[in-house]
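Some structures are shown below for you to check.
In the two assemblies presented below, chain A is common to both, partnered first by chain B and then by chain C.
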Partner chain A sequence: MGNITKSKSLWSHAWSSLTADRMALISMVIIGTYTLIAVLGGLDLIASDWAKEVGPSYAAPSWDNLLGTDIFGRSVVAKVIKGTEIAMSIGLFTAIVSTVIGVFLGSIAGYYGGKVDEVIVWFYTTFASIPGIMKLVAISFILGKGLFAIYLALGLSNWVHLCRLVRGEVIRHKDREYVQAATAIGGGNFRKLFKHILPNVFHIVIIQFSLQFQTAIKSEVILSYLGLGAQSVPSWGTMINDSKLELARDVWWQLSAATAAMLIVVLAFNILGDALRDALDPKLKGK
Partner chain B sequence: MNIYVYTIRRSLYVIPILLGVSMMIFFLFNFISGDPTSILLGPHATAVQMAELRQELGLDRAWYFQYWDIVKSAFTFDFGRSWTTKQQISSMLSSGAIPSMTVSIPAFIISTVLSISIALLISFFRGGWLDKTVVFVCVTMMSISSLAYILFSQWFFAFKLGWFEISGYENGFPDFVPYVLLPILIWVMMTIGPNVRFFRTVMLDEVYQDYVRTARSKGLSEYYILFKHVLKNAMIPIITYVVIQIPFLILGALLTESFFGIPGLGSMTLDAINGNDFPVIKAMTILTAVAYIIFSLITDVLYTVVDPRVRLK
Partner chain C sequence: MLKQINTLLVTTIFLFFLLGGCAKKVDPNVKVLNFVISSKVKGMDPVYAADKYSNNEIARVYEGLLEYHYLKRPYTLVPNLAASMPKVSADGLTYTFKIKQGVMFHDDICFPRGKGRELEAADFVYSIKRLADPKLQSLGWWLLDGKIKGLNSWRKKYSSADAADYSEVVEGLQALDKYTLQFKLARPFPQFLYSLAMPFTFAVANEAVTKYGKEFLNHPVGTGPFILPAFEQSNKITYVKNPTFREKLYPSEASEEFKKLGYLADAGKRLPLVDKIVVKTMVESQPRWLNFLKGKLDYISIPKDNFDTAVIPGKGISDKLAKKGIILLITPSLDVTYTSFNFDHKLFQNKKLRQALSLAIDIHKVNKLFYNDTGLPANSVIPPGIAGHIKGFVNKYQGPDLERSKKLLAEAGYKDGKGLPELVYETTASTTARLQGDLFVRRMALIGVKARIQQNTWPEMNKKINNRTAMIWGIAWSADYPDAENFLQLLYGPNRAPGSNKAGYNNPAFNRMFEVASRMQDSPERTAFYERLNLLVAEDSPWIFGVHRQSYVIKHGWLKNYISSDFDSGQAQYLNINLKEKIKKIEVL
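So, the complex of A and B:
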């Protein structure tokens, strides 16, 4: 037969268009670096002594302390690094929670239709009618404080958009020929939904995952402001929130450092999200 | 289906949503949030004190009475009294609404008009360096924490440069003007990024349609096409996007208000959250939810009126 060239799949197409996009490539490197910092921090290999006093209170940035010190004379660099670990864990776990809920409810509603669909649509329409901050507050009241509560509160209040998208896509797919073929060879509902339809709507999940990730990192700041954020570990949110007392004394470095650290990774996720959309959404091909 | 039948059916759908919202509020704040009396009285409260307070707040009544209160308040706007200030919540709401609106309405209008203009401009130059730069700036602005905008602007523009009032508020026009300028500017900075990006996407969706190609092949100028054809057709998603934001104007600029000492609904809500003032939190939640439900009804109906392509099912 000689050499049969296998036609490129959506994913290998997407990968080659992602790597050809310089901005997307830079974003992936940035996210990779942040992930590495987070993992090293989590293993206590770096910034484990962030609570140590390294200089006077509110020392301005200098060669000794590149980003200055906070009220207790702790290094802002070390706090930003420790904060990276917190932020990345919040982004990851929140995105997982909201993706699992969104995909599960969305695919079931879209696939089964009828009463199941009506109930799920009613539920998320109701849920979406309550402003986000109120949901965050209510869920945090219930779950208490701490990182685990943050993952759940942010994840639970952020799944509606994905659920809508997945539902719409599953409805578009469920009567296609390949699903009929699966029915013909005796595939059950579960198999059709998870083995056949979901892989075809998975690109939406990936795009949304990267957007959820950065939304969560940004929302953590609001939680910190409300006193519902990370406790006894430095997070970018608590650092930004602390600076409301510092700015009157012209202590700008903690705010700037935490804002910049967040800006870079959130920007990277935004750019990657856009690039993923361009690469994975067949509707946009050729534009 | 006839448009009137659709409107009526769509309006009836408000009922289950409203019941759902009140159920969720009841569930979140009355049912599983734990006993608010222990929060209010502190850790040293005796059981008797807690029981008395529970009775005073009406928390000892059967759950269906408490649930019914929530449903009723969505229609009567009688939310009872605040736990911390002891004032009638309805009068707190009406006194907070004006200060909130002096910030949120001008800010919303400026941001929307400015964003649409920028989006039109860059879709005229789509793919060029201007387009790419503006999109990058928008995404960058979206990536900055909202709290950082507030803190930095207040410190730099008001405290350092002295261009604006640092904080405070006075009632009545034009006395409030100097106090709302910087909050408006901050609102515009926070919202312009996502707005421009959305409007640009909407316009570019239209630019690649067949009718635009036809218009171009007829020899119409790019300028004419953009204003006469693209903007007109893009108006439907633009209106939907704009209208659906209106209910959230009630909440005001939550964080900005409290940082600038504006006595609006936003800072009232934040105070309530910090003070565990459940009735006020519930009132604001119900108010925003009701407004959201009404405005999504309006957009849905508008949508079918302006766009005959939308099939009524």
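So, the complex of A and C:
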């Protein structure tokens, strides 16, 4: 009986080990803050007037404009906040798209094996052999430009790693006793796969989700820097691109603000990802 | 003991060289010009002079029939190897030149006894046929393509033969006698004369081409003020004064602006004024900048990264450089930047809408943010320095004037932007281009017009413009030759994209007037036509006019007579060095 309770409490066990880790806790608070900012920004409660001129062109940071102004005299603080909204939404949607594709294909390939597996493995190997940046550019050429295109482009080009991991895990699990037990009491394929196996490999998905999230944020910055990303809305990437003109004039605040905003959230996601792995991966338990 | 002496000797010698290397030595008897170019020159054959750098190098050695008057603005063609300006027949098709007598080619071993022979009219026939020779694949054929009677069929005839026959007479290109040259054009083309001031049509000697063959590229033999004994593919080209150069004098006339600045100090002196030219290749801008500061280069255009060090916006050169005797020259470039509408969209055929949008743009802000306040706001299409530009004219629809803009927008039928579709501003992905688009969008928002930018790669954007799917875009045009025709043709209806009229502007009144003006010879009447066209365009607002950009060049005080110009080939012969000043100044640099 005691054993059963223990195995049931994998998630609560993970939660307690996460909260015991101070760095992980701080990371969660940071990510929570970013999420809050993104939500408030999305609801137009903050930074909705980011396009307004609040001072002269390239005003240095001061009490009026904490992070200074850009070329058109817009507040850099407001742009960073608006950029947070873009970055977080891209992180979230991209991670969802890539997770759905990766988990679905990975579990089917691992569970059914045979021809299904061969086809899927062939597909993702081929897909993965195309350089990432070329995939992104190609997809954004087909879908046009704008946020929706970026969600899809990044989501479609980032699922392979997760797919591989899930496939391997499902293969390891599909002959386990609990699956055999499910078969014995008449469980169908679908039920066995999604009700029994998937919850047991879900820790991988969670860890990968948090890593996908920050990969997407970084990719968006790169895409926007190359002019393929967000159009007409401030994003950290376009802000960094703007600073190409600014550094020669000693205007450092826009570059610093956008870089710091990105650095902090990406670092937080990385630390959280590591902590999640420590907490959730059974192989690492007790170490 | 011996060893010690040796060490001492070595140290002394070493120190001697070290100090010798550091001392800035200026030979007080030899005037040397020190120039820099930022990319290697491929060769010295005029038919391959397709870029600005080879243009300038070739024009030190070779010469053409005409040149631009050194001290006159607007740019004016004057005879160089021609004895006078040509006689043009009444139908504008036949141009007859008399050539200067007694012009000698450089002494070179390709001539009998190594003595250069006299230039003849036949040399131009030969040189221009080389430009058309299909075997040479010259880079300048476009210049005369379809313009000279019989030259196209001559070219075509030999395109599959082993070699072209230069002795075959071409109807439109003949030497009537030793000093008379006649061109017959296939159609009226008054801009033809500008091609005779371009290095593509400069005179080469048949003997040199025959003697050097493929190596002719490296053995320039011309009639020009300087000699290049042998051209090597290195980072340094050294020219010396041509001892047999004809008597050509520094001009005694000048436009007022140059008179005031003392450009006539050398008037009447025999050219060239210096003994030697050293041209170095430096691809990176920082070495150019540092070498200039050390006095090893006489002038440079200011590298972008050093702009703030060199120039104080609105004031001029920085005190630090001014103390060193460095002088800043600001010269309008013959160009115009603009935002173009696509007239395929019915929308933009509404003149009031175009004027309203133009009034919404804050041109002074554009100038400040993107051109360091160095541009001149453009009031119409023709830049200053070209006949047809109207000094002091202010375009009524130049922004910013939001009140009038809103009023016109309402009159156009789009009160507060209602009923207008979202405008799409196409731009490249470069930071400046994108920010310019951003500014456009912001200004449109102020009058209630919705707009967004669309970033493209350069080929993508070009394609959109050429197949007329772009809606609005920002772009610029630089002059090929100093004639308003070169700018006005951008708005001539029949030139619509993929021709040069990308906007697809088609105004019958403009077209008719342009057709007349573009066939006229340079004259006050033609200038009047150009001015009328310029005003018509300003009123019609087919584009939102941007700025005429300016070039920023800094030079040392010892370099005299230097002018920054869009057409500066052949300039070196007019330049002078004040050696006393240089010797004094270079010590303190």
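Some points to look at:
In this text, the second predicted complex is superposed on the first by the 279 of 287 C-alpha atoms of A that agree within 3 Å, B and C clash if a C-alpha of one lies under 4 Å from a C-alpha of the other, contacts with A are read in each partner's own complex, and residues count from 1 in each chain.
Keep this in mind: contacts are C-beta pairs under 8 Å (C-beta built on N, C-alpha and C of every residue); 3 or more make two chains touch, one makes a residue touch a chain.
For clarity, every value in this text was computed on a predicted model and none was experimentally measured.
Once the complexes are laid over each other on chain A, chain B and chain C cannot both fit and instead clash. By the touch criterion defined above, A:18 reaches neither chain B nor chain C.
In the superposition on chain A, A:214 makes contact with chain B only, not with chain C.
After overlaying the two complexes on the shared chain, residue contacts for A:227 are found with chain B and with chain C alike.
Once the two complexes are laid over each other on the shared chain, residue contacts for A:244 go to chain B and to chain C alike.
By the touch criterion stated above, A:57 is placed in contact with chain C alone, chain B being left untouched.
When the shared chain is aligned, chain B comes close enough to touch A:270, but chain C does not.
A simple residue count on chain A separates chain B from chain C, and the partner touching more is B. Of the two partner chains placed by superposition, only chain B is touched by A:122; chain C is not. In the superposition on chain A, contact is made by A:133 with chain B only, not with chain C.
Annotation: chain C segment clashing with chain B after superposition, chosen from 315-323, 441-449, 459-467 or 549-557, is 459-467.
Chain A residues 226-227, 241, 244, 248 lie at the interface with chain B in one structure and with chain C in the other.
Chain A makes touch with chain B in their complex at residues 122-123, 125-131, 133-135, 137-139, 141-142, 214, 218, 221-222, 225-227, 236-237, 240-241, 243-244, 247-248, 252, 255, 258-259, 262-263, 266-267, 270-271, 274, 287.
Considering their complex, residues 51, 57, 71-72, 145, 226-228, 231-232, 238, 241-242, 244-245, 248-249 of chain A touch chain C.
By the touch rule above, chain C contacts chain A in their complex via residues 304-305, 307-308, 368-369, 428-432, 434-435, 438-439, 441-442, 445, 452-455. The part of chain B that touches chain A in the complex is made up of residues 16-17, 20-21, 23-25, 28-29, 32-34, 139-140, 142-148, 151-152, 154-155, 159, 204, 208, 248, 251, 254-255, 259, 269-270, 273-274, 276, 281, 284-285, 288-289, 292-293, 296.
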